[in-house]
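Both complexes below contain chain A, partnered by chain B and then by chain C.
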Partner chain A sequence: MGREREPEVKAMSAAESSPARTEAPVALRLLRRAFLSEHLVLGLCLVYFAALAPFTPGFASWSNLQTVLAYALPILVVSVGLTLVLIIGGIDLSVTSIIALASVVGGKIMSGDEGWLAGHALAVPVALVAMLAVGFGIGAINGLAVTACRIPAFIATLTTMMFISGLAIWFTLSRKIGGLPSGFVMLGQQLWLAAAIAGIATGIAYLALARTLYGKWLYAIGHNSRAALVSGVPVARVTFFTYVASGLFAGLAAILFTAALETGNPEMARDNLLDVVGAVVIGGTSLYGGKGRVSGTVFGVLFLALVDNSLNLLGLTFYTITMVKGGLILAAALTDALRNKLLAGR
Partner chain B sequence: MTMMKSILSFRRLALGLAATMLVLLSSCGKSPDSGTVGGDAAGKQLNVGVNFETLQTEYWVAGFEAIKAELKKRNIQIVESIADGDANRQLQQVRTLITRKVDGIILVPKDAKTCIPAIKAANEAGIPIVLFNRPAAESPGVKSSAVVADNRKLTRETVEFMIEQARKTGKKHKAMVIVGDLGDINAVGRKDGFYDAIKGQESVVEVVAEVPSEWNQEKARSGVVNALQANPDISFIFSSSDFLFPSVVAALKSANKYQKLGEPGHVILGGFDGDATAYQMLLDGYLDATGVQDVYFEAEQSVQALLDQLAKKDVPSLILDPGFVIHQGNLQEKQTRMWGANVSRK
Partner chain C sequence: MIEFSHIEKSFFGVKVLKEVSFTAKPGQTVGIVGENGAGKSTLMNILGGNLRADAGLMRLKGQPYAPASSGDAERAGIAFIHQELNLFANLSIAENLFLRGFPRNRTWLPFINRRQMSERTRKLLREVDLAHSPDTLVERLSAGERQLVEIAKALALDARLIILDEPTTSLTARETERLFAIMARLRQRGISMLYISHSLGHVLQLCDEIVVLRDGAVAAYEPTPQFTMDRLVSLMVGRAITQLFPARESKATDQVVLEVHGVSQPGVVRDITFQLHRGEILGVSGLMGAGRSELARIVFGLDPCAVGDIRLNAESISRLPPGERIRRGLAFLTEDRRAEGLCLEASIADNVTLAALRDLTRPAVGWLDRPKARAEVNRIRDAVKLTAAARNEQAVKTLSGGNQQKVVLAKWLLNEPKVFILDEPTRGIDIGAKHEIYRLIHELAARGAGVLMISSEVEELIGMCDRIIVMRRGRIHDTIMPREFDRERILRSALHDGALA
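Moving on, here comes the complex of A and B:
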């Protein structure tokens, strides 16, 4: 946990030492503490849920919560990978195209209709490995482009996104791949299985950030990569593996997306990039690097999913839902900027 | 003090944002039809969920409005949701409709295969489901009806009409076809219909450019510009959707090739959909023909199919909208059934 809690510890110690703070009203102090707390988004989720549940028919029902969770799990997995990249001050725009390519590669291997291993006992395991390998491979290309070739991450991953999206369309000639084996489909449609997969992946990322040297290195690179290099952090190697990890998480998300929708789809998750980045930012990860938590991303994803679901249940129009979601992401970005300002001001 | 000022200014900002959202939620938020009271023959109020994959183009907006008008005419309550191009979100929204215990669902699926889990969920809940404009792929045990335009046939008829116009000029024409997003089954049907019509007509029309648009106007514009630069003597253009015409017209104007029918240098133009832009181009004498999807027929048939399913009547799995080709010769006669003409008059 150590590094993840650092911003709050700093804020609290500064609060105690500031004369202005001691004179401030209690309510303002509590507001400030809540505002700087790492649990802000969790609090927002709980308040939002409690506020909407009495007025939104079906919102708190078990079946609806299952629906929300089923929608959020694949997005959570890809968001966790992106969190790691944002912490080092990078960006990975290729995650959704990795999902698309992994989806069709997996489908092409195991589909009962047209798969290379149709009906073979090893079809599903081979497809799973291949989908993760796609994520690993494209993550490695991104990592090499950013570290060895020193291409800015935005351009490197944007280029990869364009290339991979085109490749996925070309690979399938735009056709969707159906007839996926039931043994694979259950990974996305049995909620407990999908939750276990997403939970384990998220837990590994959480522990890696909070309890390992790798996690400390990520924050160090995000704060100041030059200073980290001088301090002996293997910046290039860590950056490379962070992009690989992001690719792997996208590959894993592809498994959940593809299984949930029973289709290998060259357009899979194409329009999810904004949701993913929005959820990570709402979760408190800074777009400037050096700050972010996996737990925050979990609640960011959950918060956006709850908002989306509740507004649909309330029968609001598409335009309103879009505006409200955009407003929330904007509010999160403003919060991030203000928190940075407050923390830097002391 | 600076910190407190920052917090206070942020509080004002947050309050402003919250107030804006509340205004949105209260004033423009509710679906205009969500409070409609209706009932079936037994006196039970019917409640139908309408979920569209997107409202990106005029066609989808016109279809959405036509379905809502048809439901309202029959005194049926409406619950609407839009998936914004995301198959995973669409699955969640259909499950949300099931949570709301709607009596039936009219769905515009993202595509033929990723909608299968959503249809299965509706089937399992015993809720009839009708697909508007896009059919689902065949899948064992999955039951739905679809009302769709015969894209391939209608495109073939439209292009055959264009070829007749080309033949009348007595010279051989070089042709360009702008194809849609080939992940969309309708785009594939239109592309196939184009080549069906061209086949065997090579002495009149030779295809020299195929422009991929991915249903994106900017991509279409740059593609058309490039094709016109490579082949300045192109004199026959078919666009797979009328909503790409602004891009085509801009490119033709910059190449000084946008002329009316009968004028020297006129490029034979055809499209598909029958939107307001196409209607205006027909009125102004620039457009030769477009294949019109009969939105009102499709909306009426969709609602009827849903009611028939509720009444336990047999409903065919595919109901075809034959559509019609509109051109200068039949514009007066056919324009009342052209949805774009009605949009234009509004």
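Moving on, here comes the complex of A and C:
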């Protein structure tokens, strides 16, 4: 019966300017507009910050905000990569395991204590390239599994996650790798440097999505991959490269994580998968594909980082914080459903 | 059986139904025709309990009838059979028939009495002439067989009034005949039917009386013999469309633009050879499953072809992916526009530009030329006469079927195609939009493109094409020239057995 919906739509848009709508209380209308705004999450960040700052000792201090940022930057990089995958209607559960493996591979190469290239002038560049290469390689495996072997993304990346996490631990015999060169550690210690790296990566992803052929193709595949194929989009190739991109972003995140924590750690980012998926979903990216923006992910990451930090300052335990975050992600999903319903009704 | 009297309905101050009155007696079939937006769906939603009328009265078997929900309508013995079927493909026929209330062993235990369910299903399937086991999964049935299962479902509910909404769109000619035979039997049993369709020929053939709706009002309500096809059309659109098919102003040339040579794919098509000329409209007829859509998909590069060669302007394109074929001038309007033609959630602009993105971006970095894209969208939407009410940023799903199809056409016309393959281009859209689409196809041919037009409506092919090839079981069975254009001749060729009534 969808064929005859058009007059109703017209009728509804006519109703928008009718008196009934304008008579609603001003506050309610503002609230409705804020709720439907694209920058809802940014607003939430500000409101949350303003609301908790008076009650949370040290929350608003400059040094604490730097801590929030330092925590958020690596998460942001990996979340941006995952955003791309979600837009095509896929999922990449292996990102945190990529971070762990890249971290120990990098550590094993450049560590002054036990590194293969300990003290060598090229140790840091080689390690950086190797860490990105780990991301690239595992992303390529995921991409091949999904496109050439037609394995559902959930299973493909779940199995790579299990395998890669195990590999990272086996590779180091479950030990952390210390003694990283100061030139590398600087990337994490100098906040501006980490911010610049994350900012450039995010900016590239933003422009690619909003302004390029590649971005348009991603959205088309997410909306309807069969229609995209008929319209000449090289669906398999684009899908493959999207998983590679996700792997590369995870590799870059591994560099920031490892530098910030000054160790190669086989369990690095193990508990962050929830943060990453959650941040992307809170940022408004749909798990069904076709919908999502980098800016949303930036705000989603910022929001979860603020929540995490403030609850830590309030002395809540890790488990309680995890419960709160889970609740927030659920709320985000419900909000998204409600927003879609309201937007559809306009 | 059912009587509508003075039904009125408004949405936000816009009257969509005005004083609609008509009656269907027991055993009578009433046809309801009208353009999209004429109010047919609204009226059926009121009958089905999804909407409430603002004024007016319905009477069912003489009793006032005011359903508050679709459950009420069902309990009152009214069954709806929609264009998009509401069957669960992953369940068996029997499970589909009794989904609303399975027969139980003991009423207080949630266990299904499988034997009773099978027996009742078998009986119902006999009534609709379907020789399948009750345990057959619905996904293994053809579109026509599923339609019959829908009817069996209506019988399972002991429906006295059945509403059929475009039941024949996905059926072959033979399946349609079968459906009509069963409808005749239902009529003898005293079941009333409301038959909604854009296929006016079927309406004239089947119905006892016809209601023509236009802009929410009854434009005519008379016994079928009072109507002719032309009169129905002019009543529907409110003006006389002197000719459904516009006059052709250009002629086919003898320059070959597309050459398909010896194309075979095991189990799909065999040894297909034909040439398409510049400015020619070549029709492809045949039954569903004859390999028409499959051939189109092979020519376009969506499906592989094991043997043979496809040449566009004398250049072989057999090994190129669809994207490259599009760049060389191929375009393909698919049969199922929701599944393969459109990104329904995406905007009109994004849909229209999707196939031309490579030409709207700088080659090396893929940077989108947004002003150019915007200009192209505006140019092409005017060319296809997309409804002015729709904004470029509006999601395609909010458009009517006809306008959605225009968006698909716009997407391909943006590329100035040299060869345009159209698979069922006018399925399920109203007569005004149909006319518009025919005009665009003519324009395209006049500009020198070759058009390959696949259609199950033989009249459409006869009205539009320079030549018609008939496919049967994966082969080209026949090529028919204009002097032999004749409905029966073409159908006979498609069926080959000459048994067509």
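Here is the rule we use: the second predicted complex is superposed on the first by the 302 of 346 C-alpha atoms of A that agree within 3 Å, B and C clash if a C-alpha of one lies under 4 Å from a C-alpha of the other, contacts with A are read in each partner's own complex, and residues count from 1 in each chain.
Everything below uses one rule, namely that contacts are C-beta pairs under 8 Å (C-beta built on N, C-alpha and C of every residue); 3 or more make two chains touch, one makes a residue touch a chain.
Just so it is clear, the structure is predicted and the values come from calculations on it, not from any experiment.
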Comparing chain B and chain C in the superposed model, the one touching more of chain A is B
Could you say whether A:P234 touches chain B, chain C, both of them, or neither, answering first, second, both or neither? second
Per the contact definition in the header, classify A:G290: touching chain B only (first), chain C only (second), both, or neither. second
For A:M323, select first, second, both or neither according to whether it touches chain B, chain C, the two together, or no partner. first
Looking at the overlay, what does A:S174 touch: chain B (first), chain C (second), both, or neither? first
Answer with first, second, both or neither: which of chain B and chain C does A:Y219 touch in the superposed model? second
Just to be sure I read the superposition right, which of the two partners does A:A331 touch: chain B = first, chain C = second, or both, or neither? first
First (chain B), second (chain C), both or neither: which does A:P74 touch? first
A:G183 in the overlay: touching chain B, chain C, both, or neither? Say first, second, both or neither. neither
On chain A, the residue positions that both chain B and chain C contact, one per complex: 18
Which residues, counting only chain B, touch chain A once they are in their complex? 1-4, 6-7, 10-11, 13-14, 17, 20-21, 24-25, 28-32, 34, 52, 55, 79-82, 84-89, 91-93, 95-96, 98-101, 111-114, 116-117, 137, 139, 181-183, 188
How about chain C: which of its residues touch chain A in the complex? 11-14, 16, 36-42, 44-45, 82, 165, 300, 302, 321-327, 332, 334, 339-346, 350, 353-355, 357-358, 361, 365-368, 370, 387, 389, 397-403, 411, 428-430
Sites on chain A touched by chain B in the complex: 18, 20, 24, 28, 31-32, 35, 57-58, 61, 63-64, 67-68, 70-71, 74-75, 169, 173-174, 176-178, 189, 257, 260-263, 265-272, 275, 308-309, 312-324, 327, 330-331, 334, 338, 341-342, 345-346
Given the complex with chain C, which residues does chain A contribute to the contact? 1-12, 14-15, 18, 211-214, 216-217, 219-220, 223-224, 226-234, 290-291
